[in-house]
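The letters A, B, C and D name the chains in turn, as written, and every chain counts its residues from 1.
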Amino acid sequence: GFSQIGSESGWRTSETASIKAEAERRGIDLKFSDAQQKQENQIKAVRSFIAQGVDGILLAPVVETGWDQVLQEAKDAGIPVVLVDRGVAASEDLYLTKVASDFVVEGALAAAWLAAETNGVCDVVELQGTVGSSAANDRKAGFESVVGNFPAINIIRSQSGDFTRSGGKEVMESFLKAEDGGKNICAVYAHNDDMALGAVQAIKEAGLKPGADILIVSIDAVPDIFKAMADGDTNATIELNPHLGGPSFDAIKTAKDGGTVDKWIKANGPLFLPDTAAEEYAKRSQ
Amino acid sequence: MTGLEDRKNQRKTTMPFSVKLNRQWLGPVIALLLIIIGNGIISPGFFTIRIVDGHLYGSLVDIVHRGASTVLVAVGMAIVIGTRGIDLSVGSIIAICGAVTAVLIRDTSLSPFVILLIALAAGIVCGLWNGMLVAYLDIQPIIATLILMVAGRGIAQMITGGQIVTFHGPFFEAIGSGYLLGIPWRVIIAAVLIAGLWAVMRKTALGLFVESVGGNARASRLAGIDARGIKVLAYVISGLCSAMAGVIIAADIRGADANNAGLWLELDAILAVVIGGAALMGGRFYLGLTVIGVLIIQALTTGILLSGLPSQYTLIVKAAVVMVVLLVQAPKARDMILRAMQRKKS
Amino acid sequence: MAAMTQSTSAILSVRGVGKVFPGVKALQNVDFDLVPGEIHALLGENGAGKSTLIKVITGVHPRDAGRVIFNGTDIHPQHPGEAQNMGISTVYQEVNLVPTLSVAENLMLERQNLKWGFINWKPTIAAARDALATLGLDIDVERPLGSYSVAIQQLVAIARAVALDARVLILDEPTASLDAEEIKSLFQIMRDLRGRGMGIIFVTHFLDQVYAVTDRITVLRNGQRVGTFVTADLARIDLIGHMLGRELAEVSSHRHHDERGFTGKGNQIQIKNLGRKRMLHPVSLELSGGEIVGLAGLLGSGRTELAELIFGAQKADSGLVFINGEPVMLRSPQHAIRSGFALCPEDRKQDGIVAELSVRENIILALQGRRGWLRPIPGAEQQKIADDMIRALGIATPDREKPVGQLSGGNQQKVILARWLVAKPLFLILDEPTRGIDVGAHADIIKLIKELCDEGLALLVASSELEEIVAFADRVVVMRDREKVSELVGAEITQSRIIEAIAR
Amino acid sequence: MINERYYPLLATLAVCALLYGYGIYEHRAFSDTYVLGNLLTDNAFLIVTAIGMTFVILSGGIDLSVGSMIAFVGVLMAELVGGFGLHPLAAVVIAMIVGTGFGGFMGYLINKFDIQPFIITLAGMFFLRGMCFVINLDSVPISHSFVSDFGSFRIPLPGRGWLSASALVMLAAVIVGIVIAHYTRFGRNVYAIGGDRQSAELLGIPVGRTTVQVYALSGLFSSLAGVVFAFYTASAYPLAAVGVELDAIAAVVIGGTLLTGGMGFVIGTFFGGIIMGVIQTLISFDGSLNSWWTKIMIGALLFGFIVLQRLITRSFSGLRAGAG
């Protein structure tokens, strides 16, 4: 069984597709359940997997807390649970392993790149994800932790663009207006690529050149961002690896065979720069 | 002699009517002005309108620019509410029509105009579906449209395959962010469509029928009005308006985001209609005031963004301002204030 | 004037009460006294302010001026519940009960039998049955009220008010849709209550009833008190004079059956075996242009059903309707209207008015419906039509843009009548058309209807007022138990013959 | 003959049985009491919310703030337990008082200023969600022995299943709801107001007071749902329960309550909630639907269900032709 959060972004859809494809390749009968971004639905799904007696459960938790109960039930039923793409705040013996990247690290990486690129002098505007979501919280925290070491890097504005393109565009438009037509902005840090793509359009429509007049760094590495990078519209993206199926199934198999697995199989992706963008785009967009 | 009397009476009786109408306009317009002035205080550059690349550019322009899609949805919603209905599915219709547009552009070489027509037709089909459920199966509007609200996003995702489908093309880029004589195309489209709707509603008897069906569907049927037909029509109009909004929203970001396009827009639209003075219990609708309602909400949103308020406070501020606007709007509250003022005087 | 002397012993006194609605002075400086053990008629034209006075007394509307003294103390009820608790029990105009609740619950709201704070249903329902039994009504009290006819609902409302055991009982047009039998038992109850020292205020437009039960009369005109009189000392003609502020010459002229000898010119309408299972046994009926056919029968005899079937408001499962030999499709009211039919429904609140729309819009609604949405009636013409009708029917409204919901009951009825008169149908069905309409307007309306018939209109009138039917019908169809039982023509049309046919 | 008021309820029951029967027919595991226990536990907070919503809808109103209320109560309790070190039970009491008070306040505004409930509660929904963000942006665990005891409490059922504390609270709430609705004057007044507000007023029912109480009651039930949800997940999350208001409304309506007010049953809401749960469970049992087909299926099942209910109601009542 695989309990997915939903299909709210292109990245999420690729993740789903990748895991399904991996299962198919290995001849695993995968029960898929879409929770529409709701924790309560995920709990229901996990319980119904338990009821059906599946061999293993993949869980992409929508939020980090509140899983003790249901994980305990899975454990009681002897079903190993693998957390994919983010962790939970529960005791480690309740799940087999997590195959995930670290949002905080991603934020920090973005900040590090920006600091290097601007020699530590920059007024940044931040496009946050959905208020209250852990991806937004952590990517913000990671970024701030690094930026805090550079007195001349300031986050001058920070608003939520809800992880969407139109949200990113609308918020960026208002940033441009508020900051003297964008003259005060040196860079944009977007919590995901979609918002960055929206910001690109807003900047263009304001008569500026994205990627040159205003630097743009974002996270996820969806195909479209590589095209934008190749066109010189954005400057960097950090990959959030969607191909988590392989390691997850491996872990379950190892556990079934009586082996042990690490509690955290790290899957952080690299930072991509424009130089490889065209090539990556060609690779990913087919 | 009597003719003269009559004419005098007529003038006398039309006078209070127009005064009353003025009063109704007053609340929303004042609220809008106050919010705009407030924005000006918070953000000094708010009122400047410059010309950039041969078109108007500035925060005020942003408000109408951003509001264009919402206003379309809200106007359709106003008509549905006029029939004592509600349409929760507008967001999903936006997603579907955006998806249809994007996929057609990507996969076919149809002329953009044809694609636009197909997208609008998709909206009409959605509206028909809603209307049938409400009018012929007698399903309560909230639930009837909830069905499409839930399923519609799924349909939109099925069309796009769950990805954001990006597209390019001058026609749709113009709709999204192009300008005619310095005025955004989307604003022109919205204005033309709304003016057309207004004419259809108020220059024919359709508006009367809508209000009559909303006021008392049974009585309207007995008076020879095709109450079911009118209801279906209202949802079709709402579907059409949402479809246009969907195309605009997709064209704006040059991509169809099946999951997020128009998400929660129905709430903003309903809010705008109510701020515009319509009762959710049907019987009356005001297109002009609905437009002002949308502008109020959009001005508020833009103002909050400009103010640099931390994101976590955004919702609270929005709720508070909306509350104040509604309270000032409420006839009962106004009566109370007036009475209190009179008491002070005497 | 006679009343003033008794004010000391009054249980309920009103002094200098005023009430203003936007554009209307509904009440101005009104005085009124009710003594225990009397039935006091409150009379006046439609829109005179009767209902408003009652609503001001019971706290539905806040008053703008004056005092209300109940049992010796000034009262200021904020809502009807308060007045009810003080001992003023009221049946308001229109049926003001909750259609979705059962009959028993309507009767017992806020008075349910409690046991440890929770409702004890058995005794509660038994009490409801008892309350209805006093009015001689034996129906299933656990069915929703809305499934019963207006008349039954009216009786339930009365039963509720009577059962409250109050010191003052106020009845605002309670008899509007009742028939003779029920009125009789209501009067008996009123007399009993009077005997027990209750004070009763009774509003009606039927002068016979005024003389049958009331002791005194207070007349209102244009929101002002004209005077209070002892019923026995006031001649009918004077009473009418006080109410209208003018003499009503025609009042008796419509009482004798005139020999217009309609020519049958124009149209022939044939109804053949029209019926529907469980609703109406097939009925056949013929009318010709210029003819007025009365439809008589007891409550629930199927008159309303017949009207609705003819009009297509309910789908018939047998029978056909022909106009001049051509069959017409009556699948919906819309089709019927296109064929020139019109139905003025019985239940004006549910089926008649569109409360939020203005008087003008309500009046032109059917005409516009017939023209379709594409051909709107020009604004000026709408205004003219509305103004003409407001004048012709004497609709009391400050202006034609007032929402109909804010008019007095009788005036709402006039607006609906106007709606159908304006539509110029060739076959008009009126179901209880004069419900709640005052004597003056009654005469005007009957005159107008006759004029229309002279122009070739065929008319079917269902009415519980036999007097009215006898007065103007050329032919009377009598219904009983959802079946047509007899048809009377010409000289056969007398009240006694009709009652005989109903009772047989 | 059965009173016609019960037709929608019977229809709901019939469809519920049908759906469950289908589940058992299709998947063997469905007949296990484990699934039944899960249904009761997993939908407990939804049903509790929906009971409060039933009263609001019966009175002819609507309450959109319930979803945010659930999240708010969770965040508030986490703050009280984690930040102030209160005992969870004390936090529960405070949270429910705050919730009830907020509901009552919305009712007060609705009544006093005659503003439409849809809008007031929409503003309430924004406001409460905003308050969550202000108190705490992160998802935090509520760790306290009482909470985990609550979570692990269970009464075994025959088979693999059990009744959890959440389920018991929910069942108790259903019973309380039924008693309030059918055996108190307040409950009957709610029906009367929803049936015809104006008439209710003229019949002497304290309409204003009852309106305020109805929203307070909804606040009470939704904060109780918040408590159940917080204990169920032993955590608080500011984005929890987004859109639950629509699920709750759907449960109420599927349960046979008329959205226009005045007609319906609390027990119907219980089955409505269960039906929503069964639909979900069926979909995850199936496990072959991708994200979008899941949505389409939920919509289609909702549609199929409502049409079926219509048909059953109609064939019961035979006559009763509806107008326009």
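Please note the rule applied: a residue touches a chain if its C-beta (ideal position, glycine included) is under 8 Å from a C-beta of that chain, and two chains touch if they have at least 3 such contacts.
The model shown is predicted, which means the values in this text are computed figures rather than measured ones.
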item	value
Comparison of B-D and B-C (more C-beta pairs in contact)	B-D
Farthest chain relative to chain A (centres taken as mean CA coordinates)	C
For chain B paired with chain C, centre-to-centre distance based on mean C-alpha positions, whole Å	42
Rounded Å distance, chain A centre to chain C centre (Cα mean)	70
Intercentroid distance (Cα basis), chain D paired with chain B, Å	30
Whole-Å gap separating chain A and chain B, where each centre is the average of the chain's CA atoms	34
Contacts with 2+ other chains: residues of chain A	6-7, 13, 16, 131-132
Residue list for chain C, restricted to those that touch at least two other chains	313
Shared interface positions of chain B, touching two or more other chains	157, 162, 218, 220-222, 279, 311-312, 314-315
Contact pairs between chains, per stated definition	A-B, A-D, B-C, B-D, C-D
Residues of chain C that touch chain D when the two form their complex	60, 79-85, 90, 92, 95-102, 105-106, 109-110, 112, 114, 117-119, 142-144, 147, 160, 278-279, 313-315
Parts of chain A lying in touch with chain D, wherever the complex brings them together	1, 3-4, 6-7, 13, 16, 30-34, 36-41, 43-45, 47-53, 63-69, 72, 89, 130-134, 137
Sites on chain D touched by chain C in the complex	3-5, 179, 182-185, 188-189, 191-192, 194-196, 198-208, 258, 261-263, 318-319, 321, 323
Chain B residues touching chain D - in the complex, by the definition given at the top	88, 133, 135, 137-140, 142-144, 146-158, 162, 213, 217-218, 220-222, 227-228, 231, 258, 267, 270-271, 274, 279-281, 311-320, 322-323, 326-327, 330-333
Chain B-facing residues of chain D, complex	109, 112-116, 118-120, 122-124, 126-127, 129-131, 133-134, 137, 246, 249-250, 253, 258-260, 290-300, 302-303, 306-307, 310, 322-324
